[in-house]
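In what follows, chain A forms one complex with chain B and a second complex with chain C.
Presenting the complex of A and B:
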């Protein structure tokens, strides 16, 4: 008996820790789960208990023009800025990853720096800078701003993945007579492709949810979904926000699923 | 045998020829130029432009907006709230996140992957969705009130929304995964035998933790702390939608200046103060990383 009590007190922290974990994950998931649940409500107000269920709020997503239009703008901006950032970010990352020079280190730090900036600062600065340059509140301005945020994610993940690969494989290819281009195309590129896709995925998801930059460029043609949602939630409190958010979440999940299926994602969320 | 010898020779030959030690065929730094030019033009220059704009009024130098920010009691309080709120969020993330990271590395076993999934999954949802979720949970007809009334715990719905505590909770919910991930990565590097030795030598659970485990994970704590502090410093959505005007911070004021007041000079100065605080964090972070011997 005494032994049992002793063991129980020894195990106490483990049990306490387990209970704590449960509370923690409820805390993490509850605000999200409740929104998904709410989005299927048939009521015209937010309230519990939910009396009946329907898909009427999802229909509103399609019918209420600002939601649909801004969703399209969001996807357009996310796709284009990710593609552009990949196009300039990947060559830079590959050139910088294996170089030992101080300059390369400095450049890499510079390219990754925007990750650590408060985005609201960058958005504010870009708004005035781009309107001085004459871009104003255009889709192009929005694309440029989102690309600035996307480049660091791509550069960082590609550098990380490339550095973790041994250089021997590429050396072997070159010693065996592959040209520089062949080595790049058939050895280097396949080696780093998981990094490219993980980085692009990050950039895409972050652009899709970006608010602190997007809201500076808000005009009827350039409002992204988060901007529309913010102004909507500031004034109204009905389940349509729940439905739009659920759609956006499903979009992100689908992207993640597809990219994972095709390429497999290692390192996701791993801080470098 | 001869093959390995030959390949060894070839490799040595390759190394002498290129003057590099096993770093593979390097791609010329020229390839980084498009990205460098783009980031100079649209990252560095805008920030510099913003800085110059904030001090260069009408051809002369003027530090008036900064004088206001640092000497006007109202703005001084806002600065204090900005830093204080971020600090409180970061501290809460550390206190909540460390046990979680500890459980994941030491006790989760096969559940580790599942924990990572639940930790990263919220990052896929928009911050507005999560803020909205808190409102659905805590509103007058919200889930919490309905639940407590159903069980007779309360008679009338309580006003749970709109306060600094809820804004803090919601911000922690958004940022805590970053803290946990930073700590797990450093906790994984701790040699368990050190803890076991401490226990065998008679140290209790608590003293083993505080004298062995925690000091060994200081790097992870530092990285997580600075990351979360930086992110909290720039966040405004949760305070805007859940703070109910109880807390004013610089990001929130910038948002309001853009939306209604339109004092762009002051907003510019505020954004520069935020930028400075981010740069200070970056410098500290670079120090930490260098001490650990890893590159960014």
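Presenting the complex of A and C:
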């Protein structure tokens, strides 16, 4: 008996941790599961318990043009802004990570500014700034706005990964005759690629869900899904919202799946 | 195993990016070259009605296309303000408090009766409410919605307050986070309980006492869930949406226009300054009796053209505008910051 009690007390922290993990997992997953569950309701409005099941709200997602059009805009903006932000953010991160200047640290901190302030304020400011520059409510303006938010994610992850690598590796390549380009292409880039893809993954997912920035740049051609969903929920109360959210979740999961198959989620953010 | 590798992915993304970017530019180019105006609509049934009824009527008469921008008044006002000389919107659908601001700040033009013939059939009050800087398109009345399990529902706001305090039912009230709360709750209760826009103490005292038997909502669909789940029994709610919910299958919902009168909540159409002149024709379509009757049928809301006859059951559902109470919108707009501060100190605390 004493042995059992002793063993139980020894195992208690591990069991407590497991129980905590389980409760935490349920806490995170439950709201998502309810949304997915609700998307299969046959009722004309959101209500519990669900009386019968159908795929009618998924059909509605396809039939209601603004849902589908805005989903396409959201994907387009997420992909392009991620690529733009990567093109801008990676060189900046590489330069800042190896710089010994005190200003570099300040600049690296400053680059996080776009996500340090309320996004609704940033969206409002960008609307006036980009309108003054003549971009108006174009797709380009929306891309610039989303890229501004995406850059910090890419810069921070690349700086983190690059700083964890000794500079000796690149120096060795150059001593052995590699040009600057060859060193970058064959040594630096493979070293920082987990950081690039981690940052790009965050940037993509954050752009896909972004409401406060997209809100100010919506036009008949550039309204994103979150903006349409917000307006829809304020005026209609049917489960199509749940269905379109389920589709968007599947899209995010598909992205994670592809990234996992190529890089392995475990490797992202850590040097391979 | 997926036949994917990093090089293929990067190549694919690069090619896709070029396609997406050029596709996007094509959209912009097409829009710039064609004759079209941009009109605004709230999402869901609103947008569908505008697209199915108003836009075809306008395009048939003028040959001009109308692109529909879905969103909300705050978004549209900011977009017009940022591009005053070349506004991205020609016709703005607005709430009354923001419509008043849009008029005062010169974002919109006064209604021109010579350019909108249907204004002749619209009661003067529907223009006066925004000082002539727009016209009422549709309206809802904020009364009381309740679940059929409530056997003796309140007939007035006064009874609603008393019954809630006594615990006869649980109330669902709009929170300070909802934009209409200053009018539909604070002014409404003050007015019903002997106060006024200059003396809202009776409303705050009532809300404080009701708090123990109330739940507060932020999203306009929340009361429907609260009523069905039993979290609340009676809600301050708008007639059109209560009836729309009934038609959607929620046969348990009931609506009553309180004896004091439901609170008027209008949607205002405004012609944006420096926007296309074709916008006047679109506003004329918005006010046409035929399309307006269809709007009322689809949305369960009252409309502004006096020639519209509501068929049953619509006729008995829609609250006549003469039986609604009109808050002094300009004063409530000015006072709402002070009321919010008071709410934070007295209700939220």
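We adopt the following convention: the second predicted complex is superposed on the first by the 237 of 272 C-alpha atoms of A that agree within 3 Å, B and C clash if a C-alpha of one lies under 4 Å from a C-alpha of the other, contacts with A are read in each partner's own complex, and residues count from 1 in each chain.
In this text, a residue touches a chain if its C-beta (ideal position, glycine included) is under 8 Å from a C-beta of that chain, and two chains touch if they have at least 3 such contacts.
Given the structure is predicted, the values throughout are model-derived calculations rather than measurements.
Clashing of chain B with chain C is the outcome of superposition onto chain A. In the superposition on chain A, contact of A:53 is made with neither chain B nor chain C. Residue contacts after overlaying the shared chain place A:80 against chain C, while chain B stays out of touching range. Put chain B and chain C next to each other and count what each touches on chain A; the higher total goes to B.
In the overlay built on the shared chain, the residue A:109 is in contact with chain B alone; chain C does not reach it. In the superposition on chain A, A:226 contacts chain B only, with no contact to chain C.
Contacts of A:139 after superposition on the shared chain: chain C is touched, whereas chain B is not. When the shared chain is aligned, no partner comes close enough to touch A:186: not chain B, not chain C.
When both complexes are overlaid on chain A, the residue A:88 reaches chain B alone and has no touch with chain C. In the superposed pair of complexes, A:128 makes contact with chain B and with chain C alike. Once chain A of one complex is fitted onto chain A of the other, the partner contacts of A:262 are limited to chain C, with no touch recorded for chain B. Superposing the two complexes on chain A places one of the chain B stretches 1-9, 181-189 or 253-261 into chain C: stretch 253-261. Shared contact residues of chain A with chain B and chain C: 45-48, 124, 128, 132, 215-216, 229-230, 233-234, 237.
Taken in their complex, chain A has these residues touching chain B: 13-14, 17-18, 20-21, 24-25, 27-35, 38, 45-49, 88-89, 91-92, 94-96, 98-101, 103-105, 107-114, 116-122, 124-126, 128-130, 132, 144-145, 147-148, 151, 155-156, 167-168, 170-171, 174-175, 180, 183-184, 188, 205, 208-209, 211-212, 215-216, 226, 229-230, 233-234, 237, 241-242, 245-246, 248-249, 252-253, 256, 268-272. Chain contact summary for the complex, chain A toward chain C: residues 43-48, 64, 66, 76, 79-80, 83, 124, 127-128, 131-132, 136-140, 193, 215-216, 218-221, 223, 227-238, 258, 261-263.
Interface residues of chain B, counted against chain A in their complex, comprise 7, 10-11, 14, 20, 22-36, 38-39, 42-47, 49-50, 53, 96, 99-100, 102-103, 107, 115-116, 118-137, 139, 141-143, 145-147, 150, 170, 173, 176-178, 181-182, 185, 205, 223, 227, 230, 233-234, 236-237, 240-241, 251, 254-255, 258, 264, 267-268, 271-272, 274-275, 278, 281-282, 285-286, 294-296.
For chain C in complex with chain A, the residues that touch the partner chain are 1-2, 4-6, 9, 13-14, 16-17, 20-21, 23-25, 27-28, 31, 38, 42-48, 67-72, 75, 78-79, 82-83, 86, 88, 219-221, 224-225, 228-229, 241, 245, 248-250.
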